[in-house]
Amino acid sequence: MMNYLIIDKLIIDALKEDIPSEDITTNSIVSINSRSSVDLFAKEEGIIAGLKVFERVFTILGEVKIEFFKADGDPVHPNTLIAKLSGSTRHLLMGERTALNFLQRMSGIATLTRSFAIKLESTDALLLDTRKTTPNMRIFEKYSVRIGGGHNHRFNLSDGILLKDNHISAAGGIKNAVKAAKAQASFVRKIEVEVETLAMVKEALEAKADIIMLDNMDLETIRQAVAIINKKAIVEVSGNVGLDTIEALGKTGVDYISVGALTHSAKILDLSMKNLKNI
Amino acid sequence: MMNYLIIDKLIIDALKEDIPSEDITTNSIVSINSRSSVDLFAKEEGIIAGLKVFERVFTILGEVKIEFFKADGDPVHPNTLIAKLSGSTRHLLMGERTALNFLQRMSGIATLTRSFAIKLESTDALLLDTRKTTPNMRIFEKYSVRIGGGHNHRFNLSDGILLKDNHISAAGGIKNAVKAAKAQASFVRKIEVEVETLAMVKEALEAKADIIMLDNMDLETIRQAVAIINKKAIVEVSGNVGLDTIEALGKTGVDYISVGALTHSAKILDLSMKNLKNI
Amino acid sequence: MMNYLIIDKLIIDALKEDIPSEDITTNSIVSINSRSSVDLFAKEEGIIAGLKVFERVFTILGEVKIEFFKADGDPVHPNTLIAKLSGSTRHLLMGERTALNFLQRMSGIATLTRSFAIKLESTDALLLDTRKTTPNMRIFEKYSVRIGGGHNHRFNLSDGILLKDNHISAAGGIKNAVKAAKAQASFVRKIEVEVETLAMVKEALEAKADIIMLDNMDLETIRQAVAIINKKAIVEVSGNVGLDTIEALGKTGVDYISVGALTHSAKILDLSMKNLKNI
Amino acid sequence: MMNYLIIDKLIIDALKEDIPSEDITTNSIVSINSRSSVDLFAKEEGIIAGLKVFERVFTILGEVKIEFFKADGDPVHPNTLIAKLSGSTRHLLMGERTALNFLQRMSGIATLTRSFAIKLESTDALLLDTRKTTPNMRIFEKYSVRIGGGHNHRFNLSDGILLKDNHISAAGGIKNAVKAAKAQASFVRKIEVEVETLAMVKEALEAKADIIMLDNMDLETIRQAVAIINKKAIVEVSGNVGLDTIEALGKTGVDYISVGALTHSAKILDLSMKNLKNI
Amino acid sequence: MMNYLIIDKLIIDALKEDIPSEDITTNSIVSINSRSSVDLFAKEEGIIAGLKVFERVFTILGEVKIEFFKADGDPVHPNTLIAKLSGSTRHLLMGERTALNFLQRMSGIATLTRSFAIKLESTDALLLDTRKTTPNMRIFEKYSVRIGGGHNHRFNLSDGILLKDNHISAAGGIKNAVKAAKAQASFVRKIEVEVETLAMVKEALEAKADIIMLDNMDLETIRQAVAIINKKAIVEVSGNVGLDTIEALGKTGVDYISVGALTHSAKILDLSMKNLKNI
Amino acid sequence: MMNYLIIDKLIIDALKEDIPSEDITTNSIVSINSRSSVDLFAKEEGIIAGLKVFERVFTILGEVKIEFFKADGDPVHPNTLIAKLSGSTRHLLMGERTALNFLQRMSGIATLTRSFAIKLESTDALLLDTRKTTPNMRIFEKYSVRIGGGHNHRFNLSDGILLKDNHISAAGGIKNAVKAAKAQASFVRKIEVEVETLAMVKEALEAKADIIMLDNMDLETIRQAVAIINKKAIVEVSGNVGLDTIEALGKTGVDYISVGALTHSAKILDLSMKNLKNI
């Protein structure tokens, strides 16, 4: 789980984005002492993710308690009662949109991830995310991928080495690039190399890359690459992977398949807070 | 345009999310004095939005210059050359992902917005966004909606009044709610009321609401509501509006149609930085 | 009321302004376990405002409890006992000046506002504040105006439209300016236009401005403007309004009178913390 | 002068208070490439202070140049031309209110300070400020006092020792309090003691206080205190000092007279930006 | 003691430096509900300092309670049990390194300070620190000096005046420099002057410096300087003072001896957290 | 090199720690327009590191230019002229202490690292740092280790996996711990296991740990461990390594030796800024 140390700042920033001074509608209508309960429902089929973030929005605002009937990773359906909130009416209304904006987006990512992950169940390949995340949302989005059954690639540029075409040409070839990376970067890092041809696969193998990423290859070439690599490196496949193509990719024998769409193009999961009642 | 005063903090936060200490790949491979050029291409059809944000990422990092061949709002196609960047190779590589994450998402929103806006061209209705935006991305997303041909609803809870069902029941009816809002909130605000039935439409009219939002009504009920309101208030329609239904809604005579999907469920526009060359 | 989400940062900044490292006097003299009570008194006639902010200063510092005998908006007199504080002697002494600096200033504004608001009681006009507030104190100052019986104009440049002379000349006249504002800004905004002559009043009316601000007009001209406008727009009066002139202005039939002095030139209300006793 | 290191954060916070997202009026009306000039005038008699802060507001926003005809400390009169600004019309309009809010308040303090300082010119006493400043404005307000001819007392609780009645009773008398302060606080600090009676004056002298503050004494008692102290400590007078009483106080032979009103109750100096013209 | 108001930001920054996203080791292995106890031991001889900071690291992370068997200033030995912690296993593991990094460094400074302070016990001189502290650690390091038996010199450039050779030459001699400092700086400040020769000592005395710092003088010259000054100013000695030379310096009659090494070159005190057990 | 994106915040925080309001000494004595040059000298033998950080302190303050005669990694000696600075006298004096505090500490670490690294030159082992760094100084300290000839271990808890005794017991043995780590953590991470006995070495090998850290073993046991591991994992040695013991350790055949003292107990390198002259 995400520690509050990290996520609180992002949640507070989001709340201030929505309430730079005050909630003028709520403050005009609702007395400061009013207490209410309200229900959180699903409005469509999917996987819920982000309930602790949803809760933290209200904890930061003030006096709200939440009873959860579902946990992160659970499937939900139209009209599934996910949680019951109770507390300050003002805080319930002030936090509603921000809390839902987090939860709907995170659940949307978990839901899309699950649909990809299921396709790989019959294979030995695992599903990966990328760094194609929404700015300032990465910690929430990478967590949602895990909840949906995916695995995380590196978190950021500081904690993993991935030599792409530009790095390789800058270094004068794969061999030099891997050598430079091994010399300069911490020995705790694995070295990953992105390749586009079988010749590059061989070069990466000889350079002792730990991970070889096959970029935009066709199925047949991928199979040949897997054979050439022959377990001497971890194999990742990348490039415009869709729900219709991932299973076939998974059966080529690769270890990982990364899908940018998990975080960059998931639609939200529709949820709503309803039945607000004074208590 | 967005002022740097506001967006710089968000861009810097995003850069630090991707580079908490250093870009270990780039720093291993590329010398600090290396200079390169690189091209920004579109990989699919859409509307470009966010070029100033894209540029600002590199300006904040350091020494990069950009020549733009397209401007925000321009249509792009596969292989459209959008810009040519030149400067520090390290800064080009360090900023690439963050800059693209902003630009692809903003362009995705502009592209989806354009597809909705076109449907309304034959009507008198205008397209609106909502507050269903990604946390800490609202200023970028609302801007992208405008670039795509949409209009902005209120920006946050502090700058617009919208009395929803919960507020109305808390206040004891529309009349009381509007009265309280007019008494407490600044006179520079318009008062908007969300209604679900024609009876509520009439009540809102009598209470002198400035804007009436018809929530989840069918076409016929909307037409009757428009007739009842009869230009005495601005009419907004809301609720699960799709590309297939928006034109009919627009022809009912309403003034505005709000679509949450513009910001909460747009997929990105695929772009890429290619052809990095030492200069 | 102001939410802690927004005001805590400003209070913490103020405390750090006064205590960048430690309170060297108190820490030299008072043991860390010492507990005391102390009384908050008024030293002059006025309206108290800001008690929650006063309390929050001590809550942020640590262990202090406060019993209040007065509430925001109550009149106080010399020697009125407003509150009794008890808790850590160190925190009482460390927070005293910052807490009083907030409370005295807020109460000073409420007191001055009340003296203006009383003058309008026999009229139909309401009292307004402006954006002429102390930097980084606006949320406290606008709240104090409300406590004193005034109303708030727009909070900032992002949440209200006011077309002043400079905007009008830039746009080429009132008609163009209002048209541009209606086209570009969110439809939830009212459009306010500042005018200096009756000719401009007419132009603003024709352009369908929602609010017309009469700037620095004499009483007779104001009366004529009110007659011309004839309830087709809200009327605001502005410009060097004093305690001696406001009542006559209020009787001209205008809706609102804005007074910059409420926030930019109020003197503080004198208060003090006395009778510190070990407990 | 204040270093930008310190004041920039406060200026940026103030700008964001006034422009949390964008200036919707200006952006609707004025094109991004528009350039203008505008004049800064005084509207009343006073002392100008804060011109570098005024300028910095526009520098932070972007492209504005300023030619100054007056410097901090100069007297101004109705219609004195203080400066001519030129640059981005948008930035001129966006920064106007925030820049003036700083400059008017700082000049108001300098003006009030000058009126007090003049009264002391025929005496040997010097004018002091206090910590009764506006939260988060202290650096600007203490600077303005110096510009007006006053001197600064300690800046905050961390950089000066002042033993007040509460500290003295907590420590069990002046002697113990001074002893504790000398033992605990850095030897670079002077020890100041607040006294209310001649007996306390003697006690403070015996305790070797560096500075003795006579709190709310009448003129005759002050004269006696000065005689008793006889240059063995610096003498400060404090407590409800007015323009009508300060000169007599100054003639008693005290070294310093502190006046809280300089910062807590100065009205602003009226200034305005006029004659905006496209260039 | 340090107030949380000031130190929390530095502790949070340190925690985020060590955990920018999450503790991937701990989160892989330890369940979120696991609870443990763990012991804090000393591994070498020294003085403990910083226990409240150590505790605060865990308080900020979450659910950890600590029973202390030693207090700041107590001597510890190999295997001294200093504290027993219990609570969330994850928080214990996440906070361990950061908490120890603070505590070991602070205790190292206290230990080195104690060894210098003991040498002065037979003299009338007191031990001082300097501003040669680790960036962003000053509040912790100056506190540790006090715990070790040293005294604090000024905290920063804003709260004390020290005229060094560069200032003196810029001002045209000691006399002018002291005069300028007395005229410009707050009267609550003492004026300290750094001198290198007996001639400069005399000049400083005539200028009425409050403190004279003898920089890098030999013992005999220091004795002469002390005789010349003859209690008319406070005397500080500075410059490469070592454990072998400080006692002789202390016996020359100077009041204070400042030692930069206390904060810039102390080695840490070796401590460890051991015996983690599930509870 | 460190990017300004990351280090500027830390440098600004350090400057504000030393100058919360203003440099009262300098501002009293030196005119705002004064320009000077000053020299940076070494006062002892060592390796210089941190010159860009030193320079950045002055760049952030304002107008200072620096000509460097040495680069990071160069040896310096007493009286080596490292750089010549010129610019605003105020900025030179304001930045001196903060700039030196960074540079002296970084150079001290580089110097100590070099002395350890030299001992390993005749061996195949490489020198490593640890996470035992000063809070909020890690980026500077890890950089300095590299300059001194050492290599970096993981940067923080988020970017490397190290299973220590506590994790292993929590997981129920090495096998389970490694299995859990491989299942949960990103596949781009290497798994490191800390072991204390040869039995544990074998267990770690069987669990396919990527790196095995031999903790506090004697030389003979280390040699046996190296033989057992036989290149099937990377071998790191850790635990109270000194200048007198590291060479023997290096000759046992291990790959890496980590030394906490590099960052936690280096003394500074003595440097000074001298010969300030008006220009």
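First chain written, first letter: the chains are A, B, C, D, E and F, and each begins at residue 1.
Methods note: a contact is a pair of C-beta atoms (placed from the backbone, for glycine too) under 8 Å apart; a residue touches a chain by one contact, two chains touch by 3 or more.
As the structure is a computational prediction, the values presented were derived from the model and not from experiment.
Enquirer: So which pair out of C-D, A-B or D-F basically repeats B-D, with more than half the contacts the same?
Expert: That would be D-F, since it shares over half of the contact pairs of B-D.
Enquirer: Name the chain whose C-alpha centroid is most distant from the C-alpha centroid of chain E.
Expert: Checked the centroid distances; the maximum from chain E is B.
Enquirer: State, to the nearest whole Å, the distance from the C-alpha centre of chain D to the C-alpha centre of chain E.
Expert: 33
Enquirer: In angstrom, rounded to a whole number, how far apart do the mean CA points of chain C and chain F lie?
Expert: Between these chains, centre-to-centre, one finds 52 Å.
Enquirer: How big is the gap, in whole Å, between where the Cα atoms of chain C centre and where those of chain E centre?
Expert: Here the centre of chain E sits 45 Å away from the centre of chain C.
Enquirer: When you check chain B against every other chain, which residues touch at least two of them?
Expert: 19-23, 27, 94, 139, 155-156, 158-160, 186, 189
Enquirer: So in the complex, the part of chain C that touches chain E is made up of which residues?
Expert: Its residues touching chain E are 12, 15-16, 19-23, 27, 32, 60-62, 94.
Enquirer: In their complex, what parts of chain D are in touch with chain C?
Expert: Residues 10-11, 13-14, 17-30, 34, 36, 38, 89, 93-94, 97-98, 100-102, 104-105, 108, 131-139, 156-163, 165-167, 169-171, 177, 180-181, 183-186, 189, 261, 264-265, 267-268, 276, 278.
Enquirer: What does chain A use to touch chain E in their complex?
Expert: 1-6, 139, 155-156, 158
Enquirer: Which residues of chain C touch chain B in their complex?
Expert: Touching chain B: residues 126, 128, 151-155, 158-160, 186-190, 192, 211, 234, 255-256 of chain C.
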